[in-house]
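Order of writing sets the labels: A, B, C and D. Residues in every chain begin at 1.
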Amino acid sequence: MEPLQDLNWLLSLGTFLPLVGVLLMLFVPKKDVDTAKTIALGTALATLAVGVVTALKFDYGQSENLQFFASHSWIKPISATYTIGVDGISLPLYLLSMLITVLVMIYSWNHVPSPGNAKAFFMLMLVLQTGMAGTFMAQDLILFFVFFELVLLPMYFMIGVWGGENRQYASLKFFLYTMFGSALMLVGFIALFVVTKNNAADPAAANFSFQWFNENGPDVAKNTAIWIFGGLFIGFAVKVPMFPFHTWLPDAHTEAPTQGSVILAAILLKLGTYGFVRIAIPFLPQAAVKWAPAIAVLAVIGIIYGALGCLAQTDMKRLIAFSSVAHMGFVMLGISTLTDLGINAALFGMVAHGLITGMLFFLAGSVKERYHTLQISKLKGMLKSMPKLGWIFGFCAMASLGLPGLAGFWGEFPALLASWSPAEVLLGNGHEGLFRVLTIIAALGTVLAAGYLLWLFQRTAMGEPAVEAAGDHHESDIHDVNAFEWAAWVPMLIGIVVLGVVPKLLLDLSDPGVQIITKVFKGGN
Amino acid sequence: MGWFLEHAWLIPVIPAVAFALIILFGKRMPRGGSEIGIASMLAALVLAAGAAYQWIDHVNASEGEEAHAVLTRWEWFRIGDLKVSIGAHIDGLAVVMLLLVAFISTLVQIYSTEYVRGDRRYTHFFASITLFSAGMLTMVLAPNMVQLLLGWEIMGLCSFLLIGHWWEERANSEAALKAFWTVRVGDMGLLVGIGMLLAIFHTLEIGEINEAAAAGDFDSKKLLMWAAVALFIACIGKSGQFPLHTWLPDAMAGPTPVSSLLHSSTMVVAGVFLVARLYPVFHIGLDMNIAGQHFNLIAVIGGITVLIAAGLAFVQNDIKKVLAYSTVSQLGYMMMGLGVGAWTAAVFHIFTHAFFKCALFLCAGSVAHTGSHHSFDMKKDMGGLRKKMPITFGVWIVSTVALCGIPFVSGFFSKDEIIDSAKHNDYKVFYIVGIVGAFMTTAYMTRATYLTFFGKSRGGAEHFEHELHHDHKESKDSPWQITVPLVILGVLALFSGYLNAAPFHWHWFEKWTESSIGLPLGEGSFAVPHPPEFSWAAAAPGLALVAAGFAISLLLCKAVFGSETSPLRGLTTRNPVLGAGHKFLVNKYYLDTLYEKIIVHGIAYPISKAAYWTNQHIIDGVVNGVGKGGRRTGDLVYKYIDQALVDGVVNGSGTTARGAGGALQPVQSGKVNMYGALLFGAAAVGGLVLVLVNT
Amino acid sequence: MLLASGVLATDIEVAQTVGFGIIAALMVAAALNVVLSKNVVHAALSLVMVMAGAAAQYLLLAAEFVAVTQVLVYIGAVMVLFLFGVMLTRAKLGKDTDLNNNKGWALGLPISVLLLGVMVYVLIDGFDDTRISGSGAGKIGSTANVLLSDRIFSSYALPFWALSFVLLAAVIGAIVLARKD
Amino acid sequence: MLINEFLVLGAVLFCIGVYGVIARKNAVLVLMSIELILNSVNINLLAFDRLHGSNDGAVFALYIIAVAAAEVGVGLAMVLLIFRNRKTISLDDLSEMKG
């Protein structure tokens, strides 16, 4: 269990390289858009290259261990350390954040949303990249929190400046809502630190690194742990977002520019679920057992509720946004079972949802660009007017509704299996019946998912194209997938298929780490 | 063991690869990708035939002992202790299905090259149909539940694509959606059922599950029962059993080759296959063949389906819909057979049914393609085609005879054994259902045959007659791509039954497949009874009813459709009782109304609207400090949200909301003074609280 | 109450206390005028009074350098700025009824009184009879200033740097903001 | 001398400033009220400086004076800008920060 310290500068490089790009871009005149874009994309590609090197150097035989581990003292007075490292749980998300940034940049190359200002837009994306990658590599609560919050600001500006009509309301709601959650989360962090420090035999050794909490967190008295978990729960649940903390999501997604939606769906939502797996559950296992039934109930409500919300939508993008609530419900259901099967499913579901829903938002953006509307009733016969885009859309809808052989399936199906037989500690507490009922209701969610996605597909893609469609668009706007879109989409489409056919790729990575987390939940009380 | 048996996993892989090739290069091929599809199916057929040959060898070699399944597995993924494999599980049942699917797919694809020639999406069609076969092949040789689910869902997807092949018309896309949804509703059962199996047996490998179930190696019989029920719900959806059969007739919206493939060997038999595959789970879970048990879930559902679907087949004007309901009814027979413990007969019925049902559908397609101007309406556009399309007519008659269960033709051997077993295994009610069903089958098939091939030519058929006249021809059948598959299928419809002909004591089929049952044959707990000895006396009542059905139906048809002035014509409009019955049948027992108008619309409209309304007003409202959600229930639309969020709060609810954490809105009034007041006010209150707490 | 506490003190303390009392009363009166006056210019001039009083209090607290800075910066510069601000925004030089919020007092009065109550309670509770040691005589004069400058340029050097940047930024910012184009 | 003499004076001035911030509408007057608050804090700082006999309070006070000067400069520049654009500095009319 000794973390591997080889090449431990790689992660810092990968995380902070985008900031170097931002610095460089500062010196580019605002008018020189192409140079700015080139620098941004170059930085993102270089970052991705660092990511690829990280992936290649990763020792897959020991994926339960932290690798590229580095630990330095950082802010002494508050015992915060600069501790970083990735293991099999965080590596896929770390890499996904880099990949998505590159793809979003390629897509943005000639899709900078109004009011333009490509330089600022690309700079924000780079800052965002640093925040996202940093969150996944941080192994210290304060460092984690800093990156977690760092993500907020660029996203706030992205929605607030480049968003739709109602952008100010949406961005402020997003910001305040998440801040509200973060505040409680921070309180939880600090409380956890103080409690563990007071409990410890050697208080002077206390620090904010994950290792400290992994060792000392489980000893926190049960009642205290339940309260602290509550704080963490709200912080992460807002980010996930779980019912009933999800109301910021449809607004933020609807108003955000395409790029913002993609990043939001692909990476940002995962920060919350990642927090549960990495922080809340291993640090406070006793509290996790107490909270798990509640989380499961909320998750299942989210599944059904998100699906019903989708069925009521008239706007394509908002529908996709609501579907995120349902899908993240499956992820949370997996986590709440506290089994290796469930948590692995959740980790898989995070990556799969990132790719699939990210793709769906890309598609919604491209549809909007062509038709100037996302009203479902006004979009008809996309398969005919732009067959490639239509079929890609069909493919993604199928992936999203959990068709086996595509990535989405491996997030949903094992979660259902796991929730039928949750961890033994939960069974011991007499929650067996509850979880079984939840399994059946969640299975109903898959039917509803097929319902709203195929309904959407039928309405928008099938049939004859409407003659005067959206009123103010010109025929010339409607063209099939262009080169930039292909470049941005093909890697995601390939990812969806490859992960769907060979789930081993991810599961072998995450499983050893998950085994360590779930060890305490197996057998006895 | 044999190369073919060990490499059977190639059988689904070849069409799957072919699918990718057609998608990528099909449009650039001279024949639009159909050559790739046909070649892949031929290759699969060769492999399947080789596997079948070697399997028979294998069975013969293990004389006296049970022939073990041949497993070729690789680890697909592993989570903790749960290992899930991918590969092939080859035994008698799998071999039968492989051969059947590959064979029928090949014929259907050849047929399609003519039938959908010049279609707007020719290449798409072949891609989907190839993937469809790949899905079914993947499923039948699945060594575990996950791979089975994979194939199962791929078929669902392809049925969606194929039924909605002509999606420009709304009705077709609706039918496609309906098929997918209905099956998906059933799939809930499969998902949950697999979860239950995992909880009971701690594995997902089919072989291990069957062994453990047969050995009684499970903790809770009750849970096993529920697992069987859940899995059976999936079978109801997939195999069009009552009450989820309503999607099958609508699925006729797809091209005819699709219907024939869908209804003969793939998709709809998947449910029956699943029951046969996991027979120990169902058999033990549902207490089959236990002394004193005269009913069980599978037999009841199968029996109801037999009668209900046969009843519906009487009132259809669309020839394909008659055949569709006939399929549903025959699937009911198969389920019923499995339910009464006649495993071999049921599987054998899958086998024989595939040939004659495929032939019937292809005949219907041939009639529409050549004789009735692309119409499937028997009353409007057919009639009197007997002499004009002799090959089609011949194959149709042979297949109809097989379907009705006339002695010495394939359907007889399989169906009679199911009916006989029901009686023998103490399921009297289902014996009666069986023979009544046989009566009805004969009756509605006689009606369909009469309307299509006898009597006067009408509509499209009349037009066809004029064309023939113009060309000075007696007859003109469809091109060879259509007739050759028809003839092959016709021949098989005649003779395939002799593989397991009880009257002659030929039991080859039984011998080759019995090891797949997974349970011992004979007496004792958990045992499946031996098939009964055949006797003509036992078969006689059924045969008499079949003959009666033929005679009554023929007479009625002649009377009703034979002359314009028949007093029986329009009886249903004059007689209120018959009229009500007719209406009830035409409306498909109002099940569709229940599903579409009440359940689907219920969810899609009021319930989801209500949920969304709740989201926008209750939850969102609370967050934004609006406690007035219930004040107005009428015209609450988006506008209200604006008002509630921005003005309503500022005006009214400031006092209630201020203390709450969610009360962000009134604070954001944008007034600097307000911010100041809040800041200092909060500081003052905070200070006060601290003081109070500390004293 | 405050004045009464100086009974046992030495003469100089008595004098200090009396001085403090007079100045404090003036300051409070002037401060009230700042927030209540209906004339902007009067309010500004009252603020000068408060500032000057504060400078005097600093002297009583033996912080002559701060007092001088207060006079120079506040009365010399800030107040001039304020008066310019008043002028440039064309405020009425006479009485103006439009200076207060509608019902602003309804919100402000309770909050400030509450705050005052809490603070005074806490202060009395915490520093009931804490005295400032000695006369502070030794601290007045050049030695004290040397000590102060040592402090500023040694341990507080970094904030000093930061502060100068803040000032620079403020100057530039003010120019940018107030520029005509 | 009692330290409370100075501290209570500071508290009184502070609260008067708070009242001004809340009740005043004219932006310049609000800025002035903020100056009152800052001054009251300075008095406190110096009182404690004296109490503890160190020079830290004085240093802080000096810095506050400097920051206050900067703040007034920027604040008044903003007020001027607003006035130029809106022809008013009445805070009731400024609600761009409305959420």
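Basically, a residue touches a chain if its C-beta (ideal position, glycine included) is under 8 Å from a C-beta of that chain, and two chains touch if they have at least 3 such contacts.
Computed from a predicted model, the values in this text were never measured in an experiment.
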* Asked: Based on the averaged CA atom positions, which chain is farthest from chain B?
  -> C
* Asked: Centre of all protein Cα atoms: which chain's centre is nearest to it?
  -> A
* Pair exhibiting more inter-chain C-beta contacts, C-D or B-D -> C-D
* Using the average of all C-alpha atoms in each chain as its centre, how far is it in Å between chain A and chain C? -> 52
* Asked: Between chain C and chain D, what is the gap in Å from one C-alpha centre to the other?
  -> 8
* Asked: Between chain B and chain D, what's the gap in Å when you average each chain's C-alpha atoms?
  -> 78
* At what distance in angstrom does the C-alpha mean of chain C lie from that of chain B? -> 86
* Asked: Residues of chain B touching 2+ other chains?
  -> 664, 668, 673, 677, 680
* Structure fact -> Multi-chain touching residues of chain C, meaning two or more other chains, are 101, 104, 107-108, 111-112, 115, 119
* Structure fact -> By the touch definition above, chain A meets two or more other chains at residues 169, 172, 176
* To do: Show which residues of chain D lie in contact with chain B when the two form their complex.
  => 18, 21-25, 30, 91-92, 94-99
* **Touching residues on chain B, where the partner in the complex is chain D** => 664-665, 667-673, 675-677, 680
* Structure fact -> Per the touch rule above, chain D residues touching chain C in the complex are 1-9, 11-26, 28-29, 31-33, 35-36, 39, 42-43, 46-47, 49-51, 53, 55-56, 58-59, 61-63, 65-74, 76-81, 83, 89-92
* Which part of chain B faces chain C closely enough to touch in the complex? -> 673, 677, 680-681, 683-685, 687-688, 691
* Using the touch definition up top, name the residues of chain A that touch chain B in the complex. => 169, 172, 176-177, 180, 243-244, 247, 305, 307-313, 339-341, 344, 381, 383-384, 398, 403-405, 409, 413-414, 416-417, 419-421, 439-440, 443-444, 446-448, 450-451, 454-455, 458, 462-464, 503-504, 507-508, 511, 514-515, 518
